[in-house]
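So that you can tell them apart, the chains are marked A, B, C and D in the order they are listed, and the count of residues begins at 1 in each.
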Amino acid sequence: MSKIINDPVHGFLSFPEKEVLTIVNHPWFQRLRNIMQMGVAHFVYPGAVHTRFLHSLGACHLMGKALEELQEKGFGITTQDSTDARLAILLHDIGHGPFSHALEHSLLEGIGHEQVSSVIIDRINQQHNGMLDGAMKIFGSQHPKRFLHQLVSSQLDVDRLDYLSRDSFYSGVSEGVIGYDRILKMLTIRNNELAVEEKGIYSVEKFIIARHIMYWQVYLHKTVLGAELLLVNILRRAKELSMRGVQLPATPALSYFLNNTISLEQLKQDPGVIDRFCRLDDSDIVTAIKTWMDAEDPVLARLCYMHRNRSLYKVVLDHEREDELYDQKLAVARREIGCTEEELHYFVFRGTTSNSTYNAVDSRIMIAMKDGSLRNIAEMKDSLVNEHIAHKVTKRYLCFWQPKS
Amino acid sequence: MSKIINDPVHGFLSFPEKEVLTIVNHPWFQRLRNIMQMGVAHFVYPGAVHTRFLHSLGACHLMGKALEELQEKGFGITTQDSTDARLAILLHDIGHGPFSHALEHSLLEGIGHEQVSSVIIDRINQQHNGMLDGAMKIFGSQHPKRFLHQLVSSQLDVDRLDYLSRDSFYSGVSEGVIGYDRILKMLTIRNNELAVEEKGIYSVEKFIIARHIMYWQVYLHKTVLGAELLLVNILRRAKELSMRGVQLPATPALSYFLNNTISLEQLKQDPGVIDRFCRLDDSDIVTAIKTWMDAEDPVLARLCYMHRNRSLYKVVLDHEREDELYDQKLAVARREIGCTEEELHYFVFRGTTSNSTYNAVDSRIMIAMKDGSLRNIAEMKDSLVNEHIAHKVTKRYLCFWQPKS
Amino acid sequence: MSKIINDPVHGFLSFPEKEVLTIVNHPWFQRLRNIMQMGVAHFVYPGAVHTRFLHSLGACHLMGKALEELQEKGFGITTQDSTDARLAILLHDIGHGPFSHALEHSLLEGIGHEQVSSVIIDRINQQHNGMLDGAMKIFGSQHPKRFLHQLVSSQLDVDRLDYLSRDSFYSGVSEGVIGYDRILKMLTIRNNELAVEEKGIYSVEKFIIARHIMYWQVYLHKTVLGAELLLVNILRRAKELSMRGVQLPATPALSYFLNNTISLEQLKQDPGVIDRFCRLDDSDIVTAIKTWMDAEDPVLARLCYMHRNRSLYKVVLDHEREDELYDQKLAVARREIGCTEEELHYFVFRGTTSNSTYNAVDSRIMIAMKDGSLRNIAEMKDSLVNEHIAHKVTKRYLCFWQPKS
Amino acid sequence: MSKIINDPVHGFLSFPEKEVLTIVNHPWFQRLRNIMQMGVAHFVYPGAVHTRFLHSLGACHLMGKALEELQEKGFGITTQDSTDARLAILLHDIGHGPFSHALEHSLLEGIGHEQVSSVIIDRINQQHNGMLDGAMKIFGSQHPKRFLHQLVSSQLDVDRLDYLSRDSFYSGVSEGVIGYDRILKMLTIRNNELAVEEKGIYSVEKFIIARHIMYWQVYLHKTVLGAELLLVNILRRAKELSMRGVQLPATPALSYFLNNTISLEQLKQDPGVIDRFCRLDDSDIVTAIKTWMDAEDPVLARLCYMHRNRSLYKVVLDHEREDELYDQKLAVARREIGCTEEELHYFVFRGTTSNSTYNAVDSRIMIAMKDGSLRNIAEMKDSLVNEHIAHKVTKRYLCFWQPKS
């Protein structure tokens, strides 16, 4: 029953535990095969088409490595601890929908993927007689070994270690390469909390900087941002039309979410909602967009045409005379596109995007000094992770349609 | 207008020619973004989800490198030659449908992807006033510089150089890694034909062996073969039902091909056929399979359920007592699955699969010896590529459904 | 006459120019085959045994790539410019002695390797009838194309691009991996000065940070520092003894430098000095240390024994109670080692070491903004290279002999 | 006491056992830091300057991985087994002298490095009270677990797995890259013998082919062969002169071996011989050659000058008219070089070199089939390792001095 998988990032991944294999084989987990990890980023980085399926397996692998290391250092990790923690990280992305960040703001309005994950995990746990009890405690920060939660979710969790390595590998952006194996070797426990040995400090600095750079160079890249906003607008428009009674061709699962507005309460109570949600993946959206290029609504048709032909919005960041430019682009759209004043905002609009390189307050990365003390990496002398870097950076964007020259 | 793309395999790819950019931006080329290079192989190698889009760009890049090398060696490559050859290789996969090898045997019965490519290229050439005239000559082996055709299509073409490197990279199977940069450095021309300098002989041997290993370890891997045959059967069944008048939910483009049997003549004459074909990609198939799990036909529903839940056929290769095993598996299926005797063959069947490591007859790899002679690599003393390896290897397979234990 | 070399870091290196080949084949350049790039760092990173020979070839390769890029962007690089710049960078390390940083402070007291390089280049230029005139102008910042000098020597020169990549590769410290190919793609010229296009800003940040981390994790690693100081002390002691008339066994070239104190004037005037200098490489030092383990002088014998058996000094950085610790270690050495009070300082001593991550004043890295302006990377909003990082970091060290436990 | 080392090939290497650390810290093992793994191959592949020190550590690491794998599969590997096997492989190269293959045929005439290793291991074992008893049993094939010996020395031992990976990595010859991690995962035991699981067959084929290619492309590369033969001739001439009473400058250890002819008996009996042998490393040879460029003997001086200035012999393989060419080159040398007829053979000579890709008789690689049978990989249907490849390939060489054009 044991299984080995070839991963171009980490080499061979082993899944000896039957509980872990049960999850991997679950159709709701297999669904992640059709959900790309980086959403629409492949418009800019065409190599970056890897899936949440392999990311989840990779994070599970790194969790195993981290716990092996801690076990060898004598921190008493039981087999049950290890299985629970591996199950927890394996399931951390289970609630992601297709092109997840886009969907959260359209199809499932106001419900985050973490909340969806929580409902799904609960359902699987019922199906399997409490097999996930331990994993759920780790998720909910109720496990007595607090560091297990930190390995699943903190500024130095195995989720980040995997996705930075994997996203760099697949996008070809070497700036995100991190020494995850070194960081794993340097993990330790102090007062039941995760920490990094002093000699691992440079690797942690490098990791934080790499994440910072990946955000601005890849995840929040102007064109990627424009592609993501286009997708959000397509789904918002489709939902708007559907709620008005327009019938749009779509798969049964997608139709359901276009025609119904789901509350968190419903999601939790009505098992049919989760069943339908778990039928959705990237392919439902891709086929819908292709079909909607022929939609009667000219706004939807145009947006879908733009997406399909990679004729994306232009994006300008932190422009000095944003108001002026905004008015100008609005005038162009008004002249060239036949649509109402309200609909114009599907073609010219603005907002903000932001990222924190290091959150020095809530969830800190602690360094276990040789002299026994414990220090926040951001407070160490000559640290690269100083307040200058650690603050949240916010950028304004102006996004607009541009006629072909 | 020049464009640079990040490729994790080759580094930065540049596309300075406006003709090349015109093709890259064509919606029929952009469509390749949604067609995976390795079809269903990701069931076994989950990292291998890369697309024909990036493969085509990568092959175009290698063509540029090869011609630069030949130009530096004084073989007089003109800018027009280079653009033509890059256009030719860029378009070599344009006729691939979703999960191409599967589709060829079901949706477009009896029409190979090369024939589709040819029709599409012709259409694009008309749209762009003969821009592809040179490329078409190269394809058709009518270009006076015969070696250009060999770089596009031979046993040492840039197509193979790219796909071996790329498939190894994404699948994580290091056995397929080749020294493509060294091979490119060693290319030369003799009598207007492509050849490899004598000191490049080991790299060529390595390349042929790597391809051999990739075939048996990856492309023809038992489980990959089983997944591919499952997909073929799903589409064959869907077509069978459609032709009988059963209405199956599907995207407009897929419906068209399910409900119509297309001849090569029609493909060439009726522009609507290509238009519809170029709307198809992997997502049409994936969504169809998800929806057809609820089909009324129990055969189709069961096959789709198997695919969706990765409960694939079992495959046995070259079994000594194949007839006996076949009868036995047929008996199991007959007992467990409620279907007609004829339909049973969707669940238990057999056939052959084969691969030639090196074709010593039609298209040989020639080594340009230092003494001026030209020799087929398969005929050199102590060559790894001897007749033992070069012959075509054929394996019988027996493929069957297995009840869950 | 053209030559191709296999480099594990950059792939194939080509040297088509006969001037470049003339230098590569010069015995004074071949000598660099026996001088390790990272000196004694292999005591900590045993993979890091690569030589200045390949580093120089690699830097020459990157210079070619950089100039090709600038040429393609229309900055009019002539073939002569390219050859001159490649010769200049090829020769930039020619004046390094064995374990160079150590030697500068002992054998050739007060003469830096740049001064030695300058004399050697002058000599080779005379031997080859002014072949290096252009290269010498570039070195001396007298070339009208000022950016050529910056490519040879500045905070973003190809020397650094090569050594960071190479040192990371060979040491296995992934923290130093940089995207040098991306940086090369982003180079541009503004007002005759080197600059980086705006979209390359993250790669430059990454490069500066990587260099910072390599300094503290590798080049100034405590144990590496201790090994380097041990080597300095061995050579200082050997020179001290030689000047007193003690005859130490050594190769003829090494004996010459032990028995004579050379002034810069002599180096320039007396051709015999350079001839002898160019006979020296790492092997002279390694054999001397092995032989001197049997020296009569107990100080020299002990130091050599320590080096040979990797029983290095201990090093403490920025210790809070350094004076106290110093006295204590001195007392231990006084008790355990039979030597004079003055000689004790070969076993217990202190000093400082420092590094600037980015020098914001003298030699700045300029970013060519899309709006046409030119900005110092350290002064850009939200730059990682802020004043916090850019300042010079100095650390105190205390270095001492420790009896085996 | 536990130690972690950074290896660019395998990542982090751990040495938790105190016995293993004792060996690593032994001066006779530290000596391997100054002996290059690939001897003079760096003349052609300048990146290939890695040492036997790191190769030995790497092989020890792979042994640990292999035994972990076998232990997980239930083959009952004890901690003592693991330590013994790791000690054995750590010491497998301890008897190598500088530029070992060259030395064996000159300084220590007729004594192989395995015999020297055996004497050294015996000495260390005495120093450490039988700590190496188990390792010695493994070496001598007397250990009851026969597969341990096979992991140390067979056609699929961890020595080969490490050196192929490492030599490829450092030389930049990708043809030698092997999937060693996959091979390790596939190891198993049958009848107390090492075997590979059936699904690992392609990796083993790849490994054998990679080794074949590395031999002909790197280890037996014409120029490498020429450089090696030059070194042999230098040392043979130096010994010849020394035996005649000529005093050549050299380090004490090298002088000893030049002035004395050592028998195997002496090596075993006289502890002083091993002590002196263990003082020798590459640096003794390099400094000697530099000094001997000024030797009075014109033959020695010329050979050393050739080596130092990389003006190597030319080598021709399997030449059709070898006798004719030989006479011709002899005539050139006779005319240009002033020396006796006998001495001419230092400048023009011939011989054979050979390599077996796979030895199908003595030491076979066995495949553990799923049906329980055990088969020699060379006898399997469609195996790449067929008799065509497996036979020993011998090539004749003609080696000669060539005047500069």
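One rule holds for everything that comes next: a contact is a pair of C-beta atoms (placed from the backbone, for glycine too) under 8 Å apart; a residue touches a chain by one contact, two chains touch by 3 or more.
The structure displayed is predicted, hence computed values, not measured ones.
Counting the residue numbers that touch the partner chain, chain B and chain C have more than half of them in common.
In this assembly, D is the chain whose CA centroid lies farthest from the centroid of chain A. Rounded to a whole number, the gap between the C-alpha centres of chain B and chain D is 43 angstrom.
Separation between the centroids of chain A and chain D, computed from CA atoms only, is 50 Å.
Residue positions of chain C touching 2 or more other chains: 11, 173, 182.
Those residues of chain B that touch chain D in the complex are listed here as 173-175, 177-179, 182, 202-203, 205-206, 209-210, 212-213, 216-217, 382, 384, 386, 388-389, 393.
Those residues of chain C that touch chain B in the shared complex are 4, 11-12, 181-182, 185.
The residues of chain B lying in touch with chain A in their complex are 5-9, 11, 25, 27, 30, 33-34, 42, 45-47, 49-51, 53-54, 57, 169-173, 249, 251-253, 279, 281-284, 286-287, 290-291, 294, 308-310.
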